[in-house]
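All chains are identified by letter, namely A, B, C and D, in their written order; residue positions are counted from 1 within each chain.
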Amino acid sequence: MDLRYGPEYERFRQEVREFLAETWPLSGEEAKLERVQQSARFRKRAIARGYLARAVPRAYGGSEQPPDVLRASIIREEFARAGAPLDVGAPAAQLIPTLVAHGTEEQKRAYLPGTVTGELLWCQGYSEPGAGSDLASVQTRAELVDGEWVIHGQKIWTSYAHWAEMIYMLVRTEPAAAGKHAGLSYLLVDMQQPGIDVRPLKSLNGDSHFNEVFFDGARAPADRIVGRRGQGWNVSRSTLQAERNAVATADTTLKQFSELLELAKSTRRNGRPAIEDPAVRQRLVEIEGYVTSHEYSSHRQLTCAARGESPGLIGTMNKLVGTDIATRMARLGLEISAEGALDAPYHHAEMLTGGSGEANPVARFLHSLSIRAGGGTSNIQRNIIGERGLGLPRDFAVQKRKAPA
Amino acid sequence: MNFGLSEEQELLQQTIDQFLANECPPARLHEIFDGEEALDAELWRGLMELGLGGLAISESHGGAGLEMVDLALACEVLGRHAAPGPYLGHALAGVAIELGGSDAQKERWLPRLAAGDALATLAFAEPGGIWDPSQWRAAVRDGRVDGVKEHVLGGSAADLWIVGCAGGDLALVERGAEGAALEPFDGLDRSRRLDRLALAGTPCELLERGAAAAQRVRDAALCLLSADAFGGASRSLEMAVEFAQQREQFGVTIAHFQAVKHQLADLASEVEPARALFWYAAHAWDARPEQSERAAALAKAHVAERFVHAAYETAEIFGGIGVTWEGDIQIWLKRALFDRVYFGDTESHRERAARLADW
Amino acid sequence: MDLRYGPEYERFRQEVREFLAETWPLSGEEAKLERVQQSARFRKRAIARGYLARAVPRAYGGSEQPPDVLRASIIREEFARAGAPLDVGAPAAQLIPTLVAHGTEEQKRAYLPGTVTGELLWCQGYSEPGAGSDLASVQTRAELVDGEWVIHGQKIWTSYAHWAEMIYMLVRTEPAAAGKHAGLSYLLVDMQQPGIDVRPLKSLNGDSHFNEVFFDGARAPADRIVGRRGQGWNVSRSTLQAERNAVATADTTLKQFSELLELAKSTRRNGRPAIEDPAVRQRLVEIEGYVTSHEYSSHRQLTCAARGESPGLIGTMNKLVGTDIATRMARLGLEISAEGALDAPYHHAEMLTGGSGEANPVARFLHSLSIRAGGGTSNIQRNIIGERGLGLPRDFAVQKRKAPA
Amino acid sequence: MNFGLSEEQELLQQTIDQFLANECPPARLHEIFDGEEALDAELWRGLMELGLGGLAISESHGGAGLEMVDLALACEVLGRHAAPGPYLGHALAGVAIELGGSDAQKERWLPRLAAGDALATLAFAEPGGIWDPSQWRAAVRDGRVDGVKEHVLGGSAADLWIVGCAGGDLALVERGAEGAALEPFDGLDRSRRLDRLALAGTPCELLERGAAAAQRVRDAALCLLSADAFGGASRSLEMAVEFAQQREQFGVTIAHFQAVKHQLADLASEVEPARALFWYAAHAWDARPEQSERAAALAKAHVAERFVHAAYETAEIFGGIGVTWEGDIQIWLKRALFDRVYFGDTESHRERAARLADW
């Protein structure tokens, strides 16, 4: 057992650091470019060195490196430390392996190079109103009319729809197919066209990071289907699978814990710092027990990934554990802030979803609900842990659904 | 032995409930929540026309002469509907004048408060989270007061502020008085707007027995906040139950999922027993003064926590819509956070309750 | 709203107090009798005054009083204060209304008078191994042979079986009946006979307050069935219904809370009484919030009962709320006792189940599990609250059971 | 970077697991738990024959020369099986002598401990819940020790006690030494028998560097207790899962009930992440001494709490059988309560962890 990376990897880390010192932040004229453009230029250079887009073939703009989770982890650590752009995040991150696995040669050449640098911005059209955790109950339909897909329907919780150029989405193309998983297709659609209307949804924190997207006769060429027509469910599942196999990190949790600690040190209660209150101390260390368990579990999973082993039970529970810790921290932050909860946190909210600024405990508390709601509710996570992790049987309700209607 | 509501009390609740269902349905509530107005005058007028202004004001001064229990029952319904406005402050100002005012002060103000011709509110808190009358610093000298009061509910809409002063005294300060400056506070719960009130050499009039009344008024506030919180918590639970019975996933309503059913059952057992706790706190205020201070602290702490928990869990059951601004539950969740800390937070009241029991 | 009982009831209370002052404890020769005999003599006098067995007709040894929950409540309060025997408790308490409602004239005359005084001791034969919450899955069978029921099978969790004279039990008399609720009968059986073997079950606290009872050809006369043959399920349900309608009291909860408080005052931690630790104070008042909510809710329910109204939602949740509070208190007691948890609590356990002695926090903690396990698990309680209290639909699993097999 | 087990470590765990599955199945465990014997000699001999006596003792003294991580992995398996006996005390005594003994002391004792020819244990606690070396009061003068030590694990079976003394010193006291009186303690967890050891003018020999070693030995104890607790917690979870898959109610196994499934999933997410926490604490003891004290306190507090929770929840899922003496889970539940307070309770270690971080 050794938490050090070993000499070979430490040399690699050094190499990454040197690259970053030279390359980021951009300088001169390039430093005046927009953030997206700066990131794209930087990513191209990092890809050329084999640091980013490691699983994407060179032919499509990637660096085509052999899998090495330790190198990947060092890259993540060092890039994060330098504040440099990492590989593009969700939702483009889920599209990339799907395109690599299921895209046509033309699709790969057309979309991957821009996607991996972040120049081509995507949003994801899976969720629909009323569907919630039941992702397969897609109502949005696409019909082939004169060699083009014509799309009608509505998507919701679509992050970045207001600035994305394209959307990858699930649409129902064979309404007659038996069972709700059948008859879906995975389609790539331009966002800038008359048949698409994007309406921002304001979060309870006052910021707008997701949208409703209305499709009323929007169009896409016939060859924009990824994978086979009617096989969209499996195509999208392979994406989710890739996502699930990604190594979880406890970075966010650790960052929030240090914020909470800072809050406890800087907030005065009864004439002394809150952190001197014995009740607060007990709760902080209690939470730290969860935080560090989560942190070291991510090292365990990294090791498993490096060895090509399954992480087992722990691999099913990252989401639930992470959100539960976030709620515990948010809850204690709320208590420490006391009267601060009367204050509007709305101007602090953006930084929780990518912006910068000081963490506000009330915004954090409200935002903890968004974390819980996103990417599968806690009950879905409990089903996954129970069924895949512990080998328990499926629910009756879901079994009922699976019976032919 | 009668620990239940009378027909009159049930009727009172139904009347307010019906009024708010008609006049402040969620769509209207969102408008007011999002709006810039410090006070929705129409809704306020409606509440006053129902007679809520004088519920606990004596009949001889134009009120209904009811008790704290009745006031609490009214606040429960306001909490159910997350009713916007400074009712809490107005009702407590009436209590303060009833308890602490001279005959002249009562005659001057109570009939106007009861009729809704004047809007009054409390200016109790001072910077640093100071709610306790014994720690107030605002100083009165020669009929003028200097100090800063925070979190004044409906402060900018009020005609009269009851200002907590050093020594636990209470002073009447009228709208427009010299040296009184209001600054709107950008608050979390936009259904209950707060202002900061700075007083510099502002003319005031001390309540005759204000120092004796202030602690009682604070206890009354705790009773009414716990009632508000109970109303909000029980409505949150109802929203969750309604949603679970109507929302379908995997071909059935989610209420069919045992996990959801049990979450709702657990939530119900957190919330429903708290009803008797706020009743008792209000009843103790009316009839068991020796137990009132502690009962009020205990009820405020307990019920407000239940409200935060219920609103949070309900938002989670709602899924996506639960975390949007356009969803309803966000308004209740913010009301819960307000109730949790207004007039002092849970932890401070629990510590008070421990001290009051000589632990 | 008034928590006082009013003058009429206060006169009644005075009358009860005077009766108790004269009557309990017994004096002279009677004071030397065994406890059971003392209780029986006292109960006879209390019944004669109309204080006990109020719902049982005079013809069968009761006092046949009109229902009056306030008087009943005063009796309970004053008898408890004087340490005097109250109406017989479980399991006889459940039998009494069943016999009154469903017994034959002979059965009522034979059993009720001894049962209401506590001279005739009963145990209850409902649970069977492996049945758990599924009470209707009774396997114990009774066959009519030569005018007698001959019983084979096993019951479990049978409190008091080691000293009861009789058992009331559910047996399967019509094995061919469709559905598991059909074909059960409610039978009264003598415990002192060769075909019955009682084996005590030791609890995790080391005490033995329940048993396994084995029936191997035990016999009962044909006329010992209560209600109609094959209708035993409904007969036993009416008992449970009566139990559910009884007004819940928070007496036990209040008593345990005052013990916990005493523990916090008398235990030293870090050189001072535990109750001065801010974290302990917070938790104590938090628990007190639940305790007093439960207490005042019982007043609410008493008022509803006095008015003949349904208590609504709260009426479904007494068991769950009571056990959850008990667990919270047990848990804090455990923490306060710290190293005390190394000590064997076994010699303190009896007092938790009727004996006397000082409460031990570890025994209390272990016993809190018995409270949770007894009389329907928490999950069954949640189903009841969800379905009867909140009007939610039944589980699929249970629906499946109800479908014809 | 390698935060996983080696093949040797997995084999070590499998070997102990297999041994205990054969030699200490639940039926045998109940016998030992209920029996009057202070030590089950056969089981002890078996563990010693496996080489557990010298796992962390250097090879030059007849041990396997492994690290704290390996010792912790062994203790995890012992906790899984709720293995009876004083292994914890024996292993820690070896650690104490390795760390604090002179060459002569090591040569005299370590080979015998490694081979299982002598049983050694720690006598650290003093009346009043005093576990911290800095607070010990047992006094050594002229090679004789006076004092009272409590909760000595396997005290009456041991040939050698390592006695904590004033100033944090450690003294060797041999069985049968003059003035040493043992009194068996009637303990909750009968799988780990405790004794009270009174010493009056008892001949002793100080470890050469005992004062330097004592805190490290305490930290090692916390690592091993957290490992034991993790083993117990994960076995509790497994028992609950097995039970749910086999127990039928209403015609299906209770694992089909979503409420049960979710309880198990929640329990799993409480327990499983804690594995990495006890690994880390043991690894820090071996390789990151500057973090070791705090990591050990944090792990002990956290994992022991998870064990109590897991055993309690499992007992509840078991229903009736979960609250009987003949059921298995009661033994694990009591082991959990032992682990929670042995070497100091959760609250005291959390407070230490806060202080060690300069909070």
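Everything that follows uses one rule, which is that a residue touches a chain if its C-beta (ideal position, glycine included) is under 8 Å from a C-beta of that chain, and two chains touch if they have at least 3 such contacts.
Bear in mind the structure is a predicted one, so any value in this text is a computation, not a measurement.
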Pair with more cross-chain C-beta pairs in contact, given A-D and A-B: A-D
Of all other chains, the one whose Cα centre sits farthest from subunit B: D
Intercentroid distance (Cα basis), subunit D paired with subunit C, Å: 41
Distance from subunit D to subunit B - Cα centre to Cα centre, in angstrom: 54
Numbers and ranges of subunit B residues touching at least 2 other chains: 256-259, 261-262, 347
For subunit C, residues contacting two or more additional chains: 278-279, 282, 379, 382, 395-397, 400
Parts of subunit B lying in touch with subunit D, wherever the complex brings them together: 257-259, 261-262
Partner subunit B, residues of subunit C touching it in the complex: 1-6, 9, 70, 73, 261, 264-265, 275-276, 278, 281-282, 284-286, 288-290, 292-297, 299-300, 302-304, 306-307, 309, 313-314, 317, 320-321, 324, 379, 381-383, 385-387, 389-393, 395-397
Partner subunit A, residues of subunit C touching it in the complex: 277-279, 282, 395-397, 400
Parts of subunit B lying in touch with subunit C, wherever the complex brings them together: 1-6, 69, 241, 244-245, 253, 255-256, 258, 261-262, 264-266, 268-269, 272-277, 279-280, 283, 286-287, 298-299, 301-302, 305, 347, 350-351, 353-354, 359
Residues of subunit C defined as touching subunit D within the complex: 127, 130-134, 137, 156-157, 201-204, 206, 269, 279, 334-335, 338-339, 341-345, 362, 365-366, 369-370, 372-373, 377-379, 382, 395, 397-398, 400-401
